[in-house]
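Pasting the structures here.
Across the two complexes that follow, chain A remains constant while its partner is chain B and subsequently chain C.
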Partner chain A sequence: MENKDNRIGEVVEATTTSFISQCYKLYNSPHLGSLIKTGGPYPTYGIVYNIITQGIDPSRKPVVRGINSSSEEEVYRLNPQLEHLLRTDFYSVSIGYIQGDNIIYHLPPAPPPIYSFVQKCDGLDLINFSSRLEFIKILCSSGIPALDEVISAFIRNLADSQQDKENFLINVGKELIYAFPGDFRKMESILQKVLS
Partner chain B sequence: MSDYINQSNYIGRVIGGSINRGIDIRLDSNTNVEELAVGRFVVIDGITHKFFAQITDITLHASNQSLIDLPPDFSNQIVSSVVSKIGVFSVIEVVPYLTLDGALATSEGVKPAKTVPPHFARTYLASEEDYQTVFGGNDNDHFWLGSPLDLETNIHLNLDRFVERSNGIFGKSGTGKTFLTRLILAGIVQKQKAVNLVFDMQSEYGWAGYNETGSGSVKGLKQLFSSNVALFSMDEEHSKRRNVTPDYLVKVGYNQIEPEDIVMLRDTLNLSDVAADASYTLALHYGQDRWFKTFTSLDGSQLRELAQTIGVNDRALSTLRTRLMRLERFHFLTDQESDHAVDSILQHIDKGIHVVLEFGRYQHEFAAYILVANLITRRIHQRYSRRKEEAMVDESAEPKQLVITIEEAHRFLTPGISSQTIFGTIAREMRKYNVTLLIVDQRPSGIDDEIMSQLGTKLSCLLDNDNDVSAVMSGVSGSNKLRTVISKLDSKQQALIFGHAMPMPIAVKIRNYDEEAYRSLGLIERNGSDYELDRDAKDLFGSH
Partner chain C sequence: MSLDLHKIALQIDNVASRIQQKEFDRLLNLESTLSLFNGASPSELEIKRANSNIGFLVPRILESMSSSYPCQDTPKDYTVLAADGSHIDVDRHLAMQCYLINIGTVLIKYGENPGASLTNDPQLHTNENGLKITDEHSSRHQDIEGPLLGILRTIEEMKAIIKLVEEADKSKPILALVDGTLILWGIIGQAYPGFVRKALLENGIIDTFNQLRDLSRTRKLALAAYVSLPRSTEIVNLLRIDPAVCPYEEANCEANCGSLSFGSRPCDSLTGILDRDIFSNILAEGERSDIFASTIDLHYGEHAVYFYYLNTGSEIARIEIPKWVANDQELLAMTHSLALDQSNLGHGYPVAISEAHEQAVLTMGDREEFRSLVERYLGNKNLPVYTSLKNQSKKLKWL
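Up next is the complex of A and B:
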């Protein structure tokens, strides 16, 4: 489970339904809708729904520095301390956890501890995780902002790793109808985002 | 009953309904609605019963009105696939006719449905075994009549029940009535369920008939069952032309014509009520044996004299005489005749030999047909009633079950006269005297309602006149739904069969009447005649 190459950060805040992780490297967050996995007693699967980069001290806002620079990269080159004064956090919604060899599509009994390592999930993880689609219901009822965008980004990631992409998307469509009862417009718009 | 689960003929589940209106079944998203058709049978797997039901309607539904108002983008394969699997669905409405008891689904366990299956009961297309359970297999009581419209399985008619009551075969001209009648008559002969007396107006049943295209001939009963069938003829010349030797040449004496026969002929001879009724007075005046001949030989002055004597309008009498003289051109009429023909028919019937009476050249003479059929049947009726009464004392005297086939039945059973004629009496109550009718007609609306409602089993080929359809459907529950079936039958070889001999109404594609059918009915070609000789010997000398 531990794959050092895929490690990108650590949990810095956790609740029952979601957790916030901080990247080891500035701006090195997984993309919106990525599947990530924590360590801890209940290794938890999460989907990235929000990414924030800000100063390490929230009371001190960054000030502009590039008025005399010719490019944005030059700003960071001339101010190497910025890598340490800024941080990138990403927010994830919990949608399942690992127990033994099985993936359980419920919320974990306890949230991941602070400083649990966080890693990005690779192709095999995605295939295993998407063998069942119950996570769609948890995701849809999580109340996260920009839900449609997050779902479509996540489904796009999963669909790319499927052998029978069309059949997978049809099944996703069905789950979406169950999750948003009777709302065919929403299902249609999410699937169209996935395909575009 | 869970052995049905996962069978490929699963179509959906019960979602509602009532016993009056029918049961609604939501089709599974994998079921192709186009493969189901109105009239097809399904089996609903209830908790303790299986229900045998018929599809009467198919409707399309959407789970959300917005799908109809603002349809999704169908160019997107995935979206349209999801919508068609989940957003829209089809519901079939079925009428449960029968319940099949539990695992012991034999024909004894088949009962009329008096309840409905529970919610979400699984539903399957009826399989061959289901049809066999409901309609019976190929045994001595059941005769293979054809197959359902949508499945290659055999539908059998319960002949035991069929011959118990009077029956009707209806259909527009050219829809296969004759063909169906011939097949059923052959069935009755083959299974020996009753003895037939066929008044064969067009000479279609006895020796040979035309096939459906009218271009060739098919074998009649005599060719198929040789010594079990006797051919009676009204017209020797016609038989000779066809190279057929009749077993008996029927003659009718003027002395045998009764006033009742004249009343029957009222419409055909275009007589007024007064004129027709005058025949009763004449019979009383001259005596039954002599009235016809004496009356028709009167001249003008004698006629006026007679009118005064018996107190009947002389113009009515004169019309009656002119019309009755028309009958004299029938060559089968002779001055004096005893009941030989009827005796001979009854002797054959007693021996279990079926009688077909061919009318030869009189095939277009309704008057001849009605006169002879009525006259002979009346005499048979008298003998049968007497013998049945004797049988109450001595059971061995019980007369054989007799089925009398008449064509153009609306001319015998019109509302005005059916109560007075012998056919009306037979249709109403002769079941008790072991005589039933097989009515063949193309205009059922012309038959008395009372008679129609007494018919046990009705076989209807295509009918499209509303009055005719209503007449056939009189007294049938759920007739509205069956009406659609009747008017949607093919114009050839299809019939809706319902009533006493069928556990439930069913549209049937009638089996072919060809070489294969001849063989299955027991025909062995003449050049391999050992078998036939054997059979003839058995018929003559008994089986020992």
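Up next is the complex of A and C:
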């Protein structure tokens, strides 16, 4: 069930493996490694792996404005139009979808339609989603940039919502061994980031 | 074939050399023009202007002419509104006879609760909702296209400003900014029939001015037009009739100098000097000039155009205001301080006008998309999508 308060934007570009969402409010993106959920016929779970803020019109580059301002906030206060001329987009990798009452840990049969609502997942969503760990394999093979950082940030988010955090992390570690067979250094790097 | 840049480069080089020499002469003339300006007697000039029959546009002097006025306090809380337009003209090569006006509007609130609204409103006009101005008393009509469409677009921009004023918080000062001029230059010199002039002036631009004036009675509202890099020479024209230049008691250009060739009249020494050249030497950063009344007669009545020059720090801009703003010291000061503030916020050009332009602008891509859209929709309804062979030839570019 969609929680309207958690709605943060809409899908503006989608492929089989990933999708881009535009935030309703400038800079109001979920953080790196956050779990989000779309609408559409195959409500899709995604993990945020890239956030970008830029001018809405690609031919207009932002220029410096604050040389005489006392704070960064003042720059926005003195230029209220900026909220309408800049946009924040976040890129998500698809790692599962909802079918009926079940979470399917595969890529969705079709990507979310453009303008699908996108919402942040709350604590209950995180617990439900992490009841099985098959998503780790999809995520690890996704080829997204800064993969280690995204995986570790996501696992940290999930771990914080667990009752038995230690047991959860042990199980995650096992999945990572399968995902990166023989690559001990990569696994160590991810786990260090998770625990830091 | 593409433009032969080698051939044109030589021509540009020749012209650049001539411009260089002219610029040297102009700077020499500017010095004497400045002495003339500073020594001129406003009252004598005004009397001579009023009694003369001058062949060029000379403004009325209200009091002094070479004073400068610093900017008064800028209100912290204010709203600025601007509208700008762009259009696609009637194209007989297009399958549907139509024109499109795209009006971009901007409302920006500054102060305690800052905010902004940026919109654009494209309006399609076809045979069904008017490609002609018709005379209600006869069968006469005038097709809307070319310069006439440009004039109508200006009127639509003013109508959009009225809507913005009605939406704005009336408890805060409001500056309605227009890009360019308040003078409907497009109508001057055109032999439009009476019913067209009435539609454009009395029922058009003047009607919008009247509505704004009415709105200004219930809120602190000023209207101003901002001319960037003005090429006006009205103040220079005033100096042309100065006794030190024009030896005649009454400056009757046709009678006194009509037989002289261009360049040999006494006042030709001022040719090439612009008003902004004078005021860039008079006004310090942030200061405005005296106010002058344009003598162009479009029967604007209480909206008659007055103007002053403003040193924004980046350029000398010309600010045009209606008479009712010029006569209200508070509103006048508001146009001065807020136009300056807008220019500072917009890196030398008012941010509201700049953003309204961005909202309104129709790129080449937009124009092509519009053309395709028309053809697609007509095609979907099984209507003939024909175009001229000339247009097809341009599209195909066959060899």
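Throughout what follows, the second predicted complex is superposed on the first by the 196 of 196 C-alpha atoms of A that agree within 3 Å, B and C clash if a C-alpha of one lies under 4 Å from a C-alpha of the other, contacts with A are read in each partner's own complex, and residues count from 1 in each chain.
Rule of thumb we're sticking to: a contact is a pair of C-beta atoms (placed from the backbone, for glycine too) under 8 Å apart; a residue touches a chain by one contact, two chains touch by 3 or more.
Everything numeric in this text was worked out from a predicted model, so none of it was measured.
Partners chain B and chain C fit side by side in the overlay (superposition on chain A).
Once the two complexes are laid over each other on the shared chain, residue contacts for A:60 go to chain C alone; chain B is not touched.
By the touch criterion stated above, A:191 is placed in contact with chain B alone, chain C being left untouched. When the shared chain is aligned, chain C comes close enough to touch A:78, but chain B does not. Angle at the C-alpha centre of chain A formed with the centres of chain B and chain C, after superposition on chain A: 170°, rounded to the nearest 10. In the superposed pair of complexes, A:182 makes contact with chain B only, with no contact to chain C.
Counted by residues of chain A touched, the larger count belongs to B, out of chain B and chain C.
Of all Cα pairs spanning chain B and chain C in the superposition, the closest are 51 Å apart.
Taken together, the two complexes place no residue of chain A in contact with both chain B and chain C. Looking at the complex, you find that chain A touches chain C at residues 57, 60, 63, 77-81, 83-85.
On the chain B side of its complex with chain A, the touching residues are 63-64, 66-67, 70, 72-73, 76-79, 81-83, 85-87. Looking at the complex, you find that chain C touches chain A at residues 106, 108-110, 114-118, 345, 347, 351, 355, 358. Chain A meets chain B in the complex at residues 166, 169-170, 173-174, 176-177, 182, 184-185, 187-188, 191-192, 195.
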